[in-house]
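A, B, C and D are the chain letters, set down in written order, and residue numbers restart from 1 in every chain.
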Amino acid sequence: MRPIADVAKDLGVDPTHLEPYGLYKAKVALKALNGRPSQGRLILVSAITPTPAGEGKTTCSVGLAQGLGLLGVKTAVALREPSLGPYLGMKGGGTGGGCSQVVPADDVNLHFTGDIHAVSAAHNLLAAVVDNHLHHGNPLGLDSRRVLWRRVVDMNDRALRDIVIGLGGHREGVPRETGFDIAAASEVMAILCLADGIHDLKQRLGRIVIGFRSDGSAVEAADLKVVGAMAVLLRDALKPNLVQTTEGVPAFVHGGPFANIAHGTNSITATRMALAHADAVVTEAGFAFELGAEKFFDINCRYGGFAPCCTVLVATLRALKMHGGVPLAQVGAPDPGAVSRGLANLEKHVENIRKFEQRCVVAINHFPGDTEDEIAVVRDHADVLGIEAVVAKPFSEGGEGCRALAEKVWAVARRSRPYFKPLYEWSEPIEKKIFTIASEMYG
Amino acid sequence: MRPIADVAKDLGVDPTHLEPYGLYKAKVALKALNGRPSQGRLILVSAITPTPAGEGKTTCSVGLAQGLGLLGVKTAVALREPSLGPYLGMKGGGTGGGCSQVVPADDVNLHFTGDIHAVSAAHNLLAAVVDNHLHHGNPLGLDSRRVLWRRVVDMNDRALRDIVIGLGGHREGVPRETGFDIAAASEVMAILCLADGIHDLKQRLGRIVIGFRSDGSAVEAADLKVVGAMAVLLRDALKPNLVQTTEGVPAFVHGGPFANIAHGTNSITATRMALAHADAVVTEAGFAFELGAEKFFDINCRYGGFAPCCTVLVATLRALKMHGGVPLAQVGAPDPGAVSRGLANLEKHVENIRKFEQRCVVAINHFPGDTEDEIAVVRDHADVLGIEAVVAKPFSEGGEGCRALAEKVWAVARRSRPYFKPLYEWSEPIEKKIFTIASEMYG
Amino acid sequence: MRPIADVAKDLGVDPTHLEPYGLYKAKVALKALNGRPSQGRLILVSAITPTPAGEGKTTCSVGLAQGLGLLGVKTAVALREPSLGPYLGMKGGGTGGGCSQVVPADDVNLHFTGDIHAVSAAHNLLAAVVDNHLHHGNPLGLDSRRVLWRRVVDMNDRALRDIVIGLGGHREGVPRETGFDIAAASEVMAILCLADGIHDLKQRLGRIVIGFRSDGSAVEAADLKVVGAMAVLLRDALKPNLVQTTEGVPAFVHGGPFANIAHGTNSITATRMALAHADAVVTEAGFAFELGAEKFFDINCRYGGFAPCCTVLVATLRALKMHGGVPLAQVGAPDPGAVSRGLANLEKHVENIRKFEQRCVVAINHFPGDTEDEIAVVRDHADVLGIEAVVAKPFSEGGEGCRALAEKVWAVARRSRPYFKPLYEWSEPIEKKIFTIASEMYG
Amino acid sequence: MRPIADVAKDLGVDPTHLEPYGLYKAKVALKALNGRPSQGRLILVSAITPTPAGEGKTTCSVGLAQGLGLLGVKTAVALREPSLGPYLGMKGGGTGGGCSQVVPADDVNLHFTGDIHAVSAAHNLLAAVVDNHLHHGNPLGLDSRRVLWRRVVDMNDRALRDIVIGLGGHREGVPRETGFDIAAASEVMAILCLADGIHDLKQRLGRIVIGFRSDGSAVEAADLKVVGAMAVLLRDALKPNLVQTTEGVPAFVHGGPFANIAHGTNSITATRMALAHADAVVTEAGFAFELGAEKFFDINCRYGGFAPCCTVLVATLRALKMHGGVPLAQVGAPDPGAVSRGLANLEKHVENIRKFEQRCVVAINHFPGDTEDEIAVVRDHADVLGIEAVVAKPFSEGGEGCRALAEKVWAVARRSRPYFKPLYEWSEPIEKKIFTIASEMYG
């Protein structure tokens, strides 16, 4: 690993804007954006519908960035922060794998620079203030049974999902039903990832709906005079974290909301910081394109003022075989027919990508045991769809294994202008937006 | 503020042992202790019984360290980490005040280097594993109603003190009564402050009693196979944090258990790190001498293998007046008679100090409005007791205001050998120890 | 009111079998059935789908019985016991109304002879034994989170629907989620109404499923050795209660399960007791025919060994108008067209009655303001259906107002043999039975 | 057993005032008191401090009444109703034993005439109304955490002692901590036993304190407009129940509050009904004299307007031996020394009886194995105290075994006027009353 100060220097980050956390991690001050317009071309990595067989979206993103680096392109990658909870559980962390990882992986997977702790503290401070308000006479008239704001913990703690608090007599708060969610699912995390600075952060925090009065009117965080304290707790968490890949490519790893309940992508500030310093920026959105990438285009890009020049769709033969009906235990065996049947899934995602008027490259994330026959099935179908499908080996070969992919992607990206066509207008009513997404992305 | 790297350099910390957290905070690797014997003389700062009028023990400790620095003595101060919870509540943080503070105070008072978050995560991981164990058939036969291990949050969150968890049907854990304590009260925090390395930490974590079976036998953390994961979460938290005082004196701020439920002093590793690098090390123990300092001598010193050369007893005229019967609102008015009556409290603490065969200096922490007449009352009584009482002005004048105190203290410390007489033997039964403390310290 | 002893004497009940509760209520010992075969013809009163406008099914049943009495037929009526809970709430009791009531109405609506209290006590004894079992080591291995058996209270007590019990530390039971239902919804009540004696009662109580073990196997009441005590508590509740109507017709009012969760009709023993002593027995089943009467035929009649000779379908013009689309506030205004449209509901019920191969008479329960035109609409449609529709005035005129109805009904009943065709076979699997009911009754 | 109508007739109860519950139980209408002044002499049976060895207070009361009957005195006994809960648990019911029981014992021990069910229903109705009030906007401003009014169930149901109710979302009531007590401990039961009619009952119910507002002011049942409905539910429960003893002596068994939390004696109306019809009325108060009898004199007698003419103090040699230090397992063995030592307890009770200026007879409730030597010890000490001690055998010999006791008691009672000296004045403050009781009865 190179000292993070050296990585930052190569990227052109002013040393006075760098706040080191040990030798290999740093935060970059938001003022590093001042006077630096976006210069890079953004490349979005997404994937076909995930299966237990795995797609390796993060590994591909890191590998692609490393491949671009080998081509001499000044590249950075922008990724989500992994969550401690699932890491302590069964999953393998969220930092990529093999020769295409974000490092120091252990640090990133554990406390990292404390962002998720800060989100938890801010979230739970608001919850404590809500209960304190109820306890002290409840001047806002909040219905204690209609409080929406739960608490969070950075852990998969099943027994905390449904709880009754405020027990122990009338000195110990107001009894009510509530529970804990995992920290990454906090609305505060989603807000942190969308905010473009401390002022915007406060505005967004203030508009959080805490719950309802008996007359149905909403009580917001701003009503509780707690936004200032929350913002103080989030002051450092707002700054993007800088680490590097196994091959020393700068990596902005920052923000980690869940894609199933929020937009599921790294922070807007991380993407903007990357675009301000690199010529190529690889970012990812998932789980699959229709869920995470739709939000990336329709929410992140529009708030962030950026747009990808190319979208990469990651697929594995194993996942295609599962979509083609093969059980998990047998995806290792060659089965071109199953791959062919599974391409229906890939085809729908390509169709969806085109609805955003994005150009697309398919990355076949290579696993040991994949056969040429099977790969040919994908390639031939890509020809039919008018796109290119390239085999990539980020896990086993790092950037070198992604050189071909990087060449194709960069060929597309460098001649495209940043643009996409939104799926819906922001001004539309919420029901219409949902209908549009449901019928266009899933229809 | 000086860059923390410069502070560390002056102290003689090898740069490769320094892990910066921004420009002004750092952790020091435990290996910095390797081959460096304790060289410094330890000075313990404690206080008379606290009142709402305040004593300023931390401010005096910082001021004294700064005073020693002005005398040319290579000095460090070792202090507890403040807790976020009370800080967000009404209290003013735990970093001293005025011209005698630990800086950057906001950082130290907020997330600092994440130690308390790590303690919370390790603590709550154990709790989650306990409930998971109950949910999955409970092979250890733990009585779900006799689980002692609660959860923690770094917040004064009243409504979480008594709760019922595991609700929501049979897929959501086993219903039971429990609650949250404040993170600083975690047994994990107490363990962190006593452990002398990762191996010792694991041993201590493993012996945590989780609860009881119906036959009354205890279940320990080691039975749950979770100690390794807890230790990983605490890996960085185990390393002392280095910051500085307002006048640039190195400050090891590390570990913060509550004195009412644990030993209430900074970590043993922080004190040892300070003693390995400085000639004079100021540390503190409270609330008052009989509570915190008794534990410091009988527990910390014996685990840590160190002993003070001098004990400083902080008193304020205001507190003495309250002990003399004056209500809080009137402690600002001169009242030598009340000061005199309040000296009974100080005298008992001096008696207690002498039971440990410690030499003692009284520091009168000066407040605006203190009169010479009142000060004379204290000085005269100190004469009677055969000790010296020195006025100190750490808040308003910093190290300079503590020069006289530093001179007296250093005069005592440099000619004393590190020694104290324990109050009880470790081998005695717990009831006997409690009886000894009750009758000797409070009798 | 006539003394209940006189009523019983006229009915031919042996005085030694009568257990008086005050002057006007009595229980009849089960041995009164010994040696007395069923001699009466059973007449079932049901209704079209209920609306807030009311149908007066009980009032019609009482009125019809009084009308039969006026014809010189030795008649009894068999009805459900009202529940205290709804009575204390908004509803008007369950004893009929006006000139066609069961009396003493207040007594019957309140504690009556204590049957529902006995059901509650037996039900809650089982619940207490379940929790006691969990508390004392749980030798049966019941999963405390999968206990199905809740508690009951004879009251609409909303706050008891979802509760957590067993709190207060490990001496106070095992914490778990449960709740209270209304007593009439108790499975014990349903059992009481089906049991034909104390032995059968015990068998049925023993088969109650309390909950499940973690392996999914069921724990039954018999496993808890509590059935004997439950039966002792139900000893008197098992005996039918005898009261009278406003015109002195004997009324067996006994058992009151809810039709939405159980069979919803009076006890089998009450019906059998009435059939053993009277020549005509009027009983009722609702809410509407397809819900309550289906169960009456397919469950009660088959367990009880009886069958109706005629089914009376009660309708009101007001309800028909609501089925025809008229809002509640306007059902008082004449609207023959709406009545006509509403007849679709009546027609489906007639079709359902015919599936049981029952002969049917429609009773138009007359309200002030009903017009001849509207009545003619119903009569004409009844003609088309090949049945008779008769106006009855039980509320305003008592038995005399039901004389015409009684004549028609008796004409049918006395020349029919007790018979019906079941909708399904008991040996069919539960899914098939449900499918049959859904498609035949509601299809 | 004689028909209860015959028992009532002998007693002189007007048949129109008798409401039979089966052949052997009846309620007596309150109007039976009209125009019938108290004519009988009241005899109070109490006991020495109870031990697990048992005293047989109820058995002695019944035996004494039967003994008086044998003397030709027109006698009745007035007793508490047993509670279902303890009966289903381990205790043996509360109807006396052997040849001196109240019959039909099973009926009395089970539902009897439904009084306790009615008390439960009225109690729980109030609780339901409290929660309904909280749910519907809480116009009275009751603090949901300071509701004193719990619920009751006539069962020892441990798991209901501490519960959380109102869960399940905002449509299901307001979450709060509460619990169930046993029905006999209901304040409604205590009120029922003190009320002298329906009007007084309503007044007393209305003054029940439900809980407090946040300002500390009390909310009473009358504020909730529920007293009328409660009184309706208690209408019949207010009437004394009439049964008989094994030898046919009339027994008024009515009301059963617990002596540890209330006055612990049968209803005032039962005692008055007995005094209005019999020449001698035996009633009891316990557990021991200082607890139950103190309340009987200072509360019941003063509300009821009656006073005993003689107090009988029941003792057993077995209990005296336990008071003398013998363990339970050995009380069967003769030990005159232990009896002698145990007499200290008896002596204090005699002293207490004399504080009320009552004349006293000691009844030695004979057990098989009691020796003449031991009995002589008691007799001799009684001589010293100036009272008579008589052996009674109510269990084994019924009234005949109590003939000697009856003669002594009647000799005292018939020449004493009804009188006692209260221990305290009602107008004294509550603290003073408690102090008086503590120092006089226990001092």
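A few remarks follow.
Following the convention adopted for this analysis, a residue touches a chain if its C-beta (ideal position, glycine included) is under 8 Å from a C-beta of that chain, and two chains touch if they have at least 3 such contacts.
Just so we're clear, the structure is a prediction, and the values are computed from it rather than from any experiment.
The chains in contact with subunit A and with subunit C alike are B, D. Counting the residue numbers that touch the partner chain, subunit B and subunit C have more than half of them in common. In this assembly, the C-alpha centroid of subunit A lies 41 Å from the C-alpha centroid of subunit B.
Between the Cα centres of subunit A and subunit D there is a gap of 73 Å.
Our note on geometry: subunit B versus subunit D, Cα centroid distance of 61 Å, whole angstroms. Within subunit B, residues 164, 166-168, 174, 176-177 each touch two or more of the remaining chains. Applying the touch criterion to all chain pairs gives A-B, A-D, B-C, C-D. Listed in rising order, the residues of subunit B touching subunit C in the complex are 137, 143-146, 164, 166-170, 174-177, 214. Within the complex, the subunit D residues that touch subunit C are 19-23, 27, 84, 88, 110-111, 114, 117-118, 121, 124-125, 127-128, 131-132, 134-135, 151, 153-168, 172-174, 176-177, 179, 229, 232-233, 235-236.
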